[in-house]
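One chain, chain A, appears in both complexes that follow, with chain B as partner in the first and chain C in the second.
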Partner chain A sequence: MNETSAPEAPSGETQHRETQWPRWEVLKQDAPARPHQAVGSVHATDPEHALVTARTLFARRPSAVSMWVVPDHAILARTQEQDERGEPLPDTAEGEAQPYVVARKVNHKRSMTFVDVVGTVTATSPARALDLARATFPEPPALAWWVFPDAAVTRTDDTPETVESWFAPAKDKTYRQQSSYGVVGTHASERRGRRAAAPAGEQSGGEHD
Partner chain B sequence: MTDTALTSSTLDAAQRDALIARLTALADDELILSHRDAEWVGHAPILEEDIALANIAQDELGHAGVWLSLRGDLDGSDPDTLAFRRDAGEYRSARLVELPRGDWAFTLVRQFLFDAYEAVLIDETCASTYAPLAEAARKIVREERFHLQHTALWVERLGLGTDESNRRSQAALDELWPHTPQLFAPVPGEESLVAAGIVPDLAGVQARWTPLVTAHLARSGLRVPATPSAPPAPRTEHTEHLAELLREMQEVARQEDPGTVW
Partner chain C sequence: MIQDQILTETPEQIAAFEARIARGEKIEPGDWMPAEYRRQLIRMIGQHAHSEYVGMLPEGAWITRAPSLKRKMILIAKVQDEAGHGQYLYHAAETLGATREDMMDGLLTRRAKYSSIFNYPSLTWADVGMIGWLVDGAAIKNQTMLAGCSYGPYSRAMVRICSEETFHHKQGKEMILAYARGTATQRRMAQDALDRWWWPSLMMLGPHDADSTNSGVLTRWGVKLKSNDEVRQEFMDEHVPELLDAGLTIPDPDMIKDEAGHWRHGPIDWTEFWAVVKGERGLGAERLGARRAAHDDGAWVREAMEAHAARRVTAQAAD
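Here is the complex of A and B:
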């Protein structure tokens, strides 16, 4: 969990050939005024490949204006449970001061995203960046933190051509929530006497297909 | 659009027939290629690319639907009937898209060659004097730019990846390249459409496409084969593979009465 070291097989275990491509976390921004949000991960050979794959998997239907990918090994992740157990942070080397992106999760009610980006801090190591993040963004209490060097992020460019070809087509595509398809028996929402389905084509919650 | 734009009621009879032929060729290429891509669902090398190729297949299928709907405006034909009730002899697909899916390199090299063709063709079609066609092209061109980015990225990685991936990509290119001129062959009466500014001149499209793809193939460590000097076959002459593809694609629909609503 350090931006300078590649993932290593645990020592003492039989090494097996790694055939999976590196993992990248995907952060998607739905609208210019919204934060980038972690929406999932992709396996890809390199940053450009990761970004193209991320667009295909995470921005086909829901609206988006920007995407980032970050290699998983560049992210220092910390949960509330790890804090409560007093788990030590991984050793992270001190280096030149550099900006770190801070993202956090503040409630359990989210289904489609994990952490939201809240800002940046400048620090000499991931551990110091996490300390600074806690001090800079104390409220509401975070359930999980991510910090990663800004330099580790690969971003979609914001030229009109990219926005048009990567993100605009999804806006014109109509789609249905799963709940609008027929079910065997009676849909739970009908038993409760509620409207069964959101209208097709509404951006009503970022369902992926 | 200017108010001098053509509509379905202002085309003359020759333009109308030629436009039906052109729209059918466009639709059939996308429909058949979409089916070939969809054959990878559940079989692609990794999950992410399985989904990505299915996405591209869905986009191409959607484009086929757009072209067939535009044809329907001209002759009252029904897109589903055209897709599921025509035999190979009535299809106007190019041979490039009919060839079996082959390996991953073959699929991606073909998709790259086709995406580049479609991106240039549709880019120029945005200026069509036939308003419904220009409007459709302006929507489709955005998706095609992204397809092209995706498949160009793959061609580069396969071409420069390993000896094995380079060998397979080169073999794919050697087999596919001789089929590319057919994409740029006009359909009967197409010159009347070009003259009226309804569709772009395919020779001009080819003149943009050729340096675009050859530069990228060379960057990707691949040799561009010689282009055959013989004129391409007409779109009425298919590979042996089309009939088998249609048999599978149309199998379910043909078990039902025409016009069955699902």
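Here is the complex of A and C:
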């Protein structure tokens, strides 16, 4: 697949990859009923390295039960704007029919994540997989699509022991959570309307330094 | 390449792009964008990423000297977050065609800038708290604005960063409030840290609007949704009353609260700011030296990883 098919890579820009490690897109699932969502990327030498790096980067805080990594060159990315502009799709070779994962973005809301996985289609090329994705998941209209071969995905093990050892430790690190500090000082809603500065109120949490 | 595109950009293309921004759409990788939008974003996001990266240094130095296990765990988590934030941002810049390798090279060779706030020394433990409260507090004001920006990957990185930076801000504020009502020595440390970090925190939000050279096009294309002075005013209005409540003294004899209820700072000494930016003052050389040493010291790890990957490929080929 050529450069223009790389996810989130601009068309027409030369990417000079000299010695840096390959780039992997990371998809994270927050709970069993939630979709895998594209959270960002890592550079790594192999899929296991990519998964370990992805966990360090994207699961420092709780709410992850599964992570996937996909080499960026395996992803066919397409936006609504590219469709409207009629930008040609990159040439993709026909091959054996295989399952492709489909992910899409459907709104412009402020978000931490890009595309969400919606399902799979079976196709003989990325371009055909994209066509099938459009037909299979027509509503709501997608602003951006990703399709990539299921075989290109490396996943964290979903056995309870692995999920526990990979993702549970973050749950005990409550000091990383802003919520564990409660309201520090005076809440802004109490401050509004006050004319003069007053002494600080009771603080939440003890001090043991 | 960028110059070539500028020559072929049509008014219709620019108008369609600006209409998308006006409709509140996010610009995504692959979408058409003016070359100048791409160039400015790469510059800005790269600079932002480098700031997160160098930002590990002033506080990282205090990890081994934290006064309690609790504070040490918090500080380790915070410094780890700064590394992560740098990574989120390098990712966002890569979607525009920059490479991580080239950006890192830009930082290490001084071709690229980072926020000069990190070239101030952190002299006492109280600085760790004051950096969290003021420096991260100022950064959050800026980042909250950028979370609404028109470029999708930058906006998403900012939403993620803001949610994590709120922890940084709160732990710093909690620490300083504790010291401000602690022993005489603790109160002195808190005041000393405020005296040194107050003005740099105001200045880190950038030059006054009248002197800001990059703002025009960034505002027009929905990257900067507020001006430097507007963000600085938000920072003042939140932090001044809280610092005063804590019984601390803000080192600005000319500061007033105006009739509309806004806290107004006195004149800012920008000569100091520019001296630090240019490296005439502050720890620029030390910070870059530390980054370069870390990069060089990590070379054997990178080589080992590559050797491992190469052997894996060879083993697979042999299967």
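Keep this in mind: the second predicted complex is superposed on the first by the 155 of 209 C-alpha atoms of A that agree within 3 Å, B and C clash if a C-alpha of one lies under 4 Å from a C-alpha of the other, contacts with A are read in each partner's own complex, and residues count from 1 in each chain.
Note that in this section a contact is a pair of C-beta atoms (placed from the backbone, for glycine too) under 8 Å apart; a residue touches a chain by one contact, two chains touch by 3 or more.
Model, not experiment: these values are computed from the prediction.
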| message | After the superposition on A, what does A:Phe114 contact: first (chain B), second (chain C), both or neither? | response | second
| task | Name the chain, either chain B or chain C, that contacts more residues of chain A. | result | C
| message | Going by the contact rule set out at the top, does A:Thr79 touch chain B (first), chain C (second), both, or neither? | response | second
| query | In the superposed arrangement, which partner chain does A:Ser165 touch: chain B (first), chain C (second), both, or neither? | reply | first
| message | Let me test your reading of the model: by the given contact rule, A:Gln177 touches which partner, first (chain B), second (chain C), both or neither? | response | second
| query | Of the two partner chains, chain B (first) and chain C (second), which one does A:Val52 touch, if any: first, second, both, or neither? | reply | first
| said: Is A:Trp146 touching anything from chain B or chain C once the two structures are fitted on A? First, second, both or neither. | reply: neither
| request: For A:Tyr100, decide between first (touching chain B), second (touching chain C), both and neither. | output: neither
| said: Does any part of chain A touch chain B in one structure and chain C in the other, and if so which residues? | reply: 21, 42-43, 45, 49, 56-57, 60
| Complex contact set, residues of chain B against chain A | 46-49, 51-52, 55, 139, 142-143, 145-146, 149-150, 153, 157
| query | Inside the complex, what are the residues of chain A that reach chain C? | reply | 7-21, 23, 39-43, 45-46, 49, 56-57, 60-61, 77-79, 81-82, 85, 87, 105, 108, 110-114, 143-144, 173, 175-178, 181, 184-186, 188, 191, 197-200, 203, 205, 207-209
| query | Within the complex, which stretch of chain C touches chain A? | reply | 1, 5, 20, 24-26, 28-33, 38, 67-68, 70-71, 73-74, 77, 80-81, 84, 87-88, 91, 94-97, 99-102, 147-148, 152-153, 155-157, 159-160, 163-164, 166-167, 169-171, 173-174, 177-178, 180-182, 238, 241-242, 244-247, 305-306, 308-309, 312
| query | For chain A, which residues are in contact with chain B within the complex? | reply | 21, 42-45, 48-49, 52-53, 55-57, 60, 161, 164-166, 168-169, 172
